[in-house]
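Which chain is which? They are A, B, C and D, in the order written, and residues in each are numbered from 1.
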Amino acid sequence: MASGSEGGFWLPPQGSTAAGGVDGLFDFIYWLNVFFFVLITGAVVYFVMKYKRKSDDQLATSQVGHNTLMEATWTFVPLILVIVIFAWGFRTYLNLTVAPEGAYQVKVTGQKWSWNFTHPDGTVNTGELHVPANRPVKLLLSSRDVIHSFFVPDFRIKQDAVPGRYTTAWFQAKAAGEHQVFCTEYCGKDHSAMLAKVLVLSEEEFDAGKWKVSKPPEGMSVADWGGDLYNKVGCKACHSVDGSKLVGPSFKGLFGREEKIQGQDPVMVDENYLRESIMDPQAKIVEGFAPAMPSYKGQLDDAKIDAIIEYIKTLK
Amino acid sequence: MWLFLVTEVLLFSGLFVAYTVIKSINPVMWAEASKTLDVTMGTVNTLVLITSSFTVALATRVAQTNKKGEKNGQLVGLLAATVLLAGCFLVVKYFEYSHKIHMGLLPGTHYFYNGIDAANPHLFFGVYFLMTGLHGIHVVIGMIVLTWVMLRAMKGHFYEDYYTPVELGGLYWHLVDLIWIYLFPLLYLV
Amino acid sequence: MSAEHTAHGEGHHHHITPLSHYFAVFGALLVLTAVTVWIAQFHFGAANTLIAMLVATIKASLVALIFMHLLYDDRLNSLTFLFGLLFVALFFIFTLTDVYTRGFIDPVRDNHYLRDEQVAQLKLAAEAQQDLPAQYPKKTIGEDYPVAEDERVNPPAPPPPPAPPAAPATDAEGNVIAAPEEAPKPAFAVDPAKAEQGKALFASKTCAACHSLDGSKLVGPTMKGIWGRKEVMADGSEVIVDQAYWLESIKTPNAKVVKDFPPAMPVLPVSDEEAEAILHYVNSL
Amino acid sequence: MNATTTQAAVDHADAPYEVDYLNCKKGIRHWLITVDHKRIGVMYLWSVIASFLLGGVLALLIRAELWGPGETIMGPDTYNRVFTLHGLAMVFLFIIPGIPAAFGNFVLPLMLGAKDVAFPRLNLASFYVYVVGSVMALWAIIAGGVDTGWTFYTPYSTGVSGSVMMMTLAAFVLGFSSIFTGLNFIVTVHKMRAPGMTWDRLPLAVWAFYATAIIQVMATPVLGITLLLLAMERALGVGIFDPQLGGDPVLFQHFFWFYSHPAVYVMILPGMGVMSELITTFARKTIFGYRAIALSSIAIAVISFLVWGHHMFVSGQSAYAGMIFSFLTFLVAIPSAIKVLNWVATLYGGSISLETPMLYAIWFLILFTIGGLTGIFLGTMGTDVHLHDTYFVVAHFHYVMMGGTVMAFFGALHYWWPKMFGRMYNEKLAKIAAWLVFIGFNITFFTQFVLGSRGMPRRYYDYLPEFETLHKISTSGTWFLGVAVLMMIGYLFSSLKKGEKAPANPWGARSLEWSIQSPPIEHNFHEIPTVVEGPYEYPKAGAKA
């Protein structure tokens, strides 16, 4: 019944070290419930069968209405059982939520329908949490808009990401692998699409840092990935792709063009100019546009900026 | 009737819990923001409400000792005094509110006063307006009930064997006063 | 409300409290009020609340016992009242246990993140714009504001000021019935001084990020010729753009969203004067 | 307990048939301004059944949508609105007024031997406030609907567009109807008992209604203030619950659940009251542990106010508060367990006839036991972290609310139908419907336990393919329920016209309401009966008559 690492009938596979404790408690309560259920339902069915009213005026054979011993037992026995479960439950809860010292720390920010993961060295991934195996990982949860809830069934952890303050959760993945993340606090239209993946890498693979450079999802070219980011990250709100002038200049035919800059001599649009405008937009502002663009430093890593630039190149 | 009073107490308990929690989250702001409230007006309001509570208690007592059939000027006078005092409580409230609205000490996004430099000063005024607003509504309801009781008193309906409406109106008014007794120190003095 | 005032089930109790009791209680209440106000000047720190509450409870019990005849009624009334107070106490105790003990196990989980985040944002905004509009407090925020530096995690990298919203999700919405029709406003008298201040505000409040000035449609409707224009709301009702609609859209943007525009406008700390200044600027174009 | 002597009561009931309350005053006007508790009870019954049907149809829509992953019959927005309205209709319009207002209004005065409730006009006011509330709720549904979930969690509920404001005010108004009913019942039980009806001769249903009334009066005002603050939040942007303005959304959850957990007991306690009546009547046996059941009703009413934090173990609530709430949650589980065990003990040595109401009572026993036991998973902090807000919770509260209260509601409907309308329903059809309900219920909701423990989150419009087969089974179960409810409407309404005349005491029950003709006359009793014995004094087989 208890699910080993491959997951049983009731519970998903145990991905983290603490999952075993939770499953043990789950099984104890489960078998206790089965026992009491069979006891009570059995009694009901047995009594109904045994004392079925045969003739219309058949009266009850016993009118006993009180038995102190029985009533006492079925008050105190459940009470003791329940206190045991409470104590065990609270201990498991503490193991599950209090992170050990020196855990690897990741800042998780939920926003309407996607999860962002910020690592201590500044790398930011959306939708993918890369963690080392066999090392405790502490998650620092917060939200940008409404309450979301970070739930990883395989690690048996769940914690609401409350806007306006931090909440924490921790786990230590047992082995490399992939685990599904859900959002379990209702947060609007695409609440059911707010999924993410926890990618557990071996120690060496994690330290090598190859995962830091975010790579386009499988089967997608760099330019297409740039287009996808164009929609997701917010460029679409101010820069059009069909030449129409919005808050910012249109991307259509932008690459290689000469742009007149306010207060400076005109500049040819190349990779450096685009990278600089993304990282520090106020540096060079094109004539006739408001200085309204926010900086994306810390939100987009180099691989993503290259992808966006590739995408802009394709817009002739 | 006491059951109904308990539901009112529980209604206001929600606001008192909100008061306590928000005050505990940002105590620095709370001290600064409460300085902007005018303590004299608050004290005047408290005295007004206590006297009105006193007059309505006397009214109940007079109704109890009233003989059947004879019209009782004293009862009507006391009830009228209570309603009048309630009226002037609202007038004082009106001055306080207009002063705050003018200064910009408003709840939530409408707040534009910049004398307080702690974070989120509008929360204090949010709680202030909610508490005193809801209390104000209950003062208005109290006035309506007491005027209705007064009109019936004028027709001599109440005497020693039947004075329940006066008693119930009085109980309701005492409750409104009770709530203000707690509101006054919490908002103005602390 | 008056339905249950006809509770004839109450029965009569002819206990007449002597007049002197009323006057005594009235006197006591006045004295106690004076005491509370007087004590409030001395600063005892946290004890201040305790004393105020103590005095208030004495006054309240005086009113309840004598004025409301709790002392003389049958025990059931006072039992109900105490029962009610019991539940109020339960509500207090459990909610406050949660709020006070949030940071015990892991200090990060306490409620202070909020202040640091806002302090960081204010500091960032202060640096970004030298000529601060009056709304920001005079003192520089950083030094004397108690940002606790103890073992808490390194303060989070301050997120960039409100970035223009990501690809706006246009979900279908129905709005509450539209505002009643208002008579069209006369032409707007532009006051050049206000328009100047409005120009700076239009940039610093990042209105430009979503509202264009030259008629082109961005994330939000254009500002060009907006005054007195009839806007069609998402649910089909029409509203004339006037002072009230202008203020309301800034204060609670999602109350009335214009047709086929996303409800993506964030709530910005903008005061009425500033909103009016921006209005002048927009109308001066 | 029979009035004066057993024999006289029986003769009295067969006395010449007098004009009953249903047709003593004809015409809609007489119905609309009536202050007769029986008519108000019947009016409540129709509106409550209508809300149950509305909620039921919405439930069928939800399950139909979840037949397969991705879009099956509606888009995500409509789905979010449908599940919110299913929650709101079922909770505020059906289950809270359900048994107390519909059956409580009808039966309580009869059981007490009173002519009417303490404040008849307040009773009518409560019905009209309920009608106004439901009209406002329907208006909110038409004017764009609400997609915040029936819990209105901030800051989502304050930011989203849609007629949340109207729905909040509707719930606020419905709260008043609940307070008025509670007020009425408490005063009636205290002041209007028949002579000789001491506290330990009250039928247990009256104890249950009394305990429910205490919760209704003590908890609903806090719902009122919560909804008021939510309305202020949306209208003025006060910022108490809105983190952007410095408020704390977890505080809203404290406010909301302080009302909503006692409200969950408002839903189950009347069901338990009905259960005590059904079990004793159909086992022809006195209740086992009368005092234990009566006291545990009151105990549940009081302890239910201490446990609301178990809804917030993972919501950022502190571990210490969680610990206290978890411990107290187990304390509140004990009285419910005592009650179930007492009912099972009542069956011992009885003469049990399995008519439809008894069938529903047996379903209650079995299903409520499962509901209660699975509650232990959710009350324990360790397992709740994994199971919170998943389908396990959905299954748990459906087993307790539908398996408990709705089974008791159906049982009460069939049990008092002859007394309310003087007609008997078709027994065979009713039995089939009862079995269909049992089978359909278990297929639908037991699979959801498995779904939940495997990690399927709640309120999901679209789900991963691995959960598909379980969702298909669960949806197929709801068809049985749909058919059963349709059958029930069929044979109950046809019994109104074609059902054979019901005798005064078709089930041989002993409580006061069965000692008068059915349907009873307008002012219930000719003269107030004096009560001499307890409510469940059944003769023992072989004992001298």
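Everything below uses one rule, namely that contacts are C-beta pairs under 8 Å (C-beta built on N, C-alpha and C of every residue); 3 or more make two chains touch, one makes a residue touch a chain.
Being a predicted model, the structure only gives us computed values, none of them experimental.
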item: Most contacted chain pair (by C-beta pair count); value: A-D
item: For subunit A paired with subunit C, centre-to-centre distance based on mean C-alpha positions, whole Å; value: 31
item: Approximate Å spacing (C-alpha centroids) for the pair subunit A, subunit D; value: 36
item: Computed distance of Cα centres, subunit C from subunit B, in Å; value: 22
item: Residues within subunit A bordering two or more other chains; value: 97-98, 164-165, 167, 188-190
item: Two or more partner chains touched - positions in subunit D; value: 77, 159-160, 183, 187, 218-219, 222, 237, 243-248, 250-251, 254, 316, 319
item: Touching two or more other chains - residue numbers and ranges from subunit B; value: 3-4, 6-7, 10, 13-14, 17, 21, 25-26, 109-110, 119-120
item: Pairs of chains in contact (touch as defined earlier), listed by label; value: A-C, A-D, B-C, B-D, C-D
item: Touching residues on subunit A, where the partner in the complex is subunit D; value: 7, 9-12, 21-22, 25-26, 29, 32-33, 36-37, 40-41, 43-44, 47-48, 51-53, 58-67, 70-71, 74-75, 78-79, 82-83, 85-86, 88-94, 96-98, 145-147, 149, 151, 153-154, 156-160, 162-165, 167, 180, 182-193
item: Parts of subunit C lying in touch with subunit D, wherever the complex brings them together; value: 3-4, 6-7, 9, 76, 83-84, 87, 90-91, 94-95, 97-105, 109, 111, 114, 118, 171-177, 234-235, 251-252, 254, 257, 263, 267
item: Parts of subunit A lying in touch with subunit C, wherever the complex brings them together; value: 97-99, 105, 107, 112-113, 118, 122, 140, 142, 144, 164-168, 188-190, 231-234, 236-238, 244-247, 290-299
item: Interfacial residue positions of subunit D with respect to subunit A in the complex; value: 76-77, 80, 147-149, 153, 155-156, 159-160, 243-244, 246-250, 283-290, 292, 313-316, 319, 322-323, 326-327, 330, 333-334, 337-338, 340-342, 344-345, 347-354, 362, 365-366, 369-370, 373-374, 376-377, 379-386, 388-390, 450, 453-455, 457-464, 536, 538-542
item: Subunit C residues touching subunit A - in the complex, by the definition given at the top; value: 105-106, 108-111, 113-114, 117, 153, 156-157, 159-169, 171, 203, 206, 208-210, 212, 216, 218-219
